[in-house]
């Protein structure tokens, strides 16, 4: 189903940008897991709007727990969390009903849902739905961390400006750099340059795209399966649910198409402790859809924010003629920026689901 | 489930490279659809092994229909098709049990399934499973074509050699070039160069990667949904089930990360017939997870065939020491080549599933 | 998943008896459906506690709509409704942690979830979860009614006291009797006798079981499918999610086991309008898992409320010895009574899901 | 999906009575499970036609394994088994196309699928689909038995003639009586009387209904969940996929509606080994949707075979008038008889699926 993800976990998202609330129901969290709400809030703050580089819409985005957690511990019932929409300005969106924004879901959602579609703020297509996703991700990250699995993402590129990539064989040194730095890059200088690039776009009433790189350490070998059960097949629908994603690659990704087998194949070797490793990591931690025990590595391309203030050509559905649109309202000039924690959250939820697979245990 | 795909269709694949057979059960095909078996065979022949550029393993790969089709017409029961494995040489694979091939699923499958894993020919991880996938795809392609939807793919790149890309706004002129040309490219000269590149790799006991580009015309606007119901989320698990895929991008894809919003946004316009179109197609036919009515465009990166004859470093699981491996047996030096019809088949099945969504009809 | 139901609809329930709230997320309601909230409340009031025959726990049980409905009309996004738990007395349940109530989920839930299980009020096993179910059912009933499909249930039996059953061939005359009468029976006298029986049980600190009969008129022929897609297979998990159900039968049900084929088979005939009907309705409106166009008829057995005030033998998990338990707190002496609207709601949701099947439309 | 069942297992059935074959794909069987094919055949022989009490259609019904088993051991890939239809007489069914059999799926399937429906032998609605189901069940039964879980069913009643029921608290003494006796009852005398009843019906060109009772021993406490995850919700769609089922009840079932809570509640007690048991078993091994550790007990009502040779009233879809039908061909006069092993098979598959749940293991 469209608002529902997972095999062992069952993640249900709901809400629209200008509804009463957005929320999540998280079924399948085992009973007895401590949930540190302070840590949840710290994580969610990384995604929350704020700062001149992001939208000026400010909301506390504090989740209210309706069920599933008793005195800080999961009880085995679904965890339900609701985040109120407190700062909505419905007036901003009135003329978009007839003049769809280029590059946005306005037109396609309208075709699908008809006039009853709640266009305000993009309805259920709003990036606001990533707030409850990040709540779920924050819960999953805590559970994974207790089991030795850590996830970190950073902004690898913005409109051509590049950050230092993760070391594919051992990304641990920089895994949480983005969370610790004021700007979510490994290299602070790259972060400053990106910030300048984003600010420049904003000043030009324009926007810029970017690439997020994510690494996961501590995953055991043997997760996933053949065909539709491949790890990439399991993760892709979760990762692609983040708005504005246009590409996804694992390991060497599109670069592997330019390599020879002898270059791309990662040689196996025994490490000092007698564990099987690869000396390089072009495979990105997954072979035949199954984890190898090496760090999982993937990159996601985010298109520039479609809502820009520059005048754009569009159609006027009321007049049936071509028209011009200047989008007003509050919009991030670079969605990739706030997508960094969203990618971590999505990866955490997808991997927790895969980790909960029954592998022949009965 | 791992061998099972679809919401309205229910596609179940089974088999191993060296089992009695591989096969497919295709539930959800409406009763009354004519299935032209000659057309099915013609399509499947595009994927079948043969020629010096592909593996020398030759099998007729003719599907036997066990159920679901009566006198050339679907009857509403699941369509079951089985393809016998007639040309298996189990002896080839004996030493891979202790020395896993770098870049292949040997090691990861072994970790997952233990000693009982059917390693011969890669077991269920073999590209042989794409034979029944192509049977299903051939059925889906016929159904889509009757409804004005056409799908074509071509080999866009092999180890740096590039074919002419599709025209994003109107790919129809070259849509079936790959099916018609001896080599699956739009530009025959590019095909010759790629063939030479592949043959060179084969002579060097090596292999090469490649990129497949796919376009779909005739799709109505309004297919897909928000979040996990996005068209990309629906398609990705099917596309990524094809072996050796390392990347997937829609429209401008990773390139969009280097653009500004004003460049990436596709302006809306009314065409001569008063239909809403975009003048460019960076979005690749999908916005907010929903089709726009423009051609659907995506690209997939395939890594070089991991099984190469060149000596490679690996581990010896029997001795617990590092070792050297020279893979023997029959292997395509470029998996991307035979992947072209597989991508068409996978896209056809995924899109047929989405087309069968109930959009509020009751 | 355990808290999730449906193929076209996606119904997610959450909450515990003593959590902040119970709620529902209802995905798949087409955009543009008017939802009459007054009608919803009227329906939900039939299930709400009150009266000496029911539990004395009183809660307004008014749902708050968080998303999916804009100005009284569904917008295509999931409908999220939350019902606060305002009248919880956690103290009542303290000693049940060590002395599980016979006939209740206390012990089995404890085994499954361990100490973290939220035992208060039965946790997620509480009949309180039927409040959001009835919200969803009320929405579904409105949609079905607009399409000529009506659902009614009544209390057929309580501890041996019987109501008049529906006319299997045409139940329409009495379909909504239970909703209109002060006691949910067709025959008011039967209702009085049942009320007396329930009151007698309550005075004896005991409880009684009952049978609910449900009929559905206006269903088209052709809904359902073979095997696991049979209408009964689709409905059973929804119906059995209502607490305390011990049996389910369609048409003649268990009675058909005592008949000969010539008695049980319902002869086909053309009615005055040339439509195919059966002259009797032992099949209960479903043959081979597919609706026949005759009224759908089923009955559900509800066990007596397990929570009774009479002293009962149980184990003491703290001492490891047998012990005696007197359950205090507020409990309905006959769960079947308030189950009547729950059965209607569950049937409405299950049938709406089946009605939304894609039957070869593409 | 309609031909697909399971959460951890993924059971796909296909075939029609008069197609080339019927078959099953069984995904999720862990690698390394030995499968004794002789035992499989012995089990399947219990369901196979033969004897004057059953249909005279005789088929060896030997499954061919296409994949998933290597040298008698599961390898982790889906197990695919095909059973050829070798003894089909298509001529028998020609006139049923216009004159639907009362009580059969002929008419309803025709409405659903239209003229393309494969009416021969009932198409996919044929009880022949229980042959591959029994193959799957035979595999599951072996796996369960190795883990101390045993399943047995018997014919509890035929047209009023009753067999001795299982002892609800300890059915182990009679669990496999039906498999060992020439007639599937516990009491051989009851078997003789039932056989006479069935033969009498056959002589009268009629048929009789029956009830099958099933017990499962050795199940651990704690399987299942709340709401739609209840054990009954998980089992019902599998059990109701067996043709001709009209009712299902667990434990005291419909009888519990006539009891008081103090009679129906099963007191807890510690047994000699300090394990929690109940002294009675009205709950049938399941409380709140979760197993209690007591034997699981359920009963299923089967209607009389609808295909009877006696003249019956029906409609003639060609003439648009009422007509008379005398069904010819080979039909069991009591479907409940051969349903006994089918119920065991279905229960085994459903319970294996539930046993493979991940209960918070990660």
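By letter and in written order, the chains are A, B, C and D; residue numbering begins at 1 in each of them.
To be clear about the criterion, a contact is a pair of C-beta atoms (placed from the backbone, for glycine too) under 8 Å apart; a residue touches a chain by one contact, two chains touch by 3 or more.
Model, not experiment: these values are computed from the prediction.
Which chains make contact with chain C and with chain D at once?
A, B
Between A-B and A-C, which chain pair is linked by more C-beta pairs in contact?
If we tally the C-beta pairs in contact for A-B and A-C, the bigger total goes to A-B.
As a test of understanding: of all chains, whose mean C-alpha position lies farthest from that of chain C?
Chain centre farthest from chain C's centre: B.
If you average the Cα atoms of chain A and of chain C to get two centres, how far apart are those centres in Å?
39
Just give me the whole-number Å value for how far the CA centre of chain A lies from that of chain D.
About 46 Å, centre to centre.
So, what's the distance in Å between the C-alpha centres of chain B and chain A?
26
Quick one: which residues in chain C touch 2 or more of the other chains?
Answer for chain C, listing residues that touch two or more other chains: 1-4, 13, 31-32, 76-77, 109, 112, 123-124, 226, 359.
For chain C, which residues are in contact with chain A within the complex?
1-4, 6, 10, 12-16, 19-23, 25, 27-28, 31-32, 64-68, 70, 73-80, 82, 109, 112-118, 123-124
Can you list the residues on chain C that touch chain B in the complex?
8, 30-32, 76-77, 143, 147, 226, 352, 355-362
Once bound in the complex, which stretches of chain C touch chain D?
Listed in rising order, the residues of chain C that touch chain D are 1-5, 13, 100-105, 107-109, 111-112, 122-125, 129, 157-160, 201, 204, 206-211, 221-230, 232-234, 236-238, 240-241, 243, 245-270, 274, 276, 278-279, 282-284, 286-293, 301-308, 310, 312-315, 317, 320-322, 336, 359.
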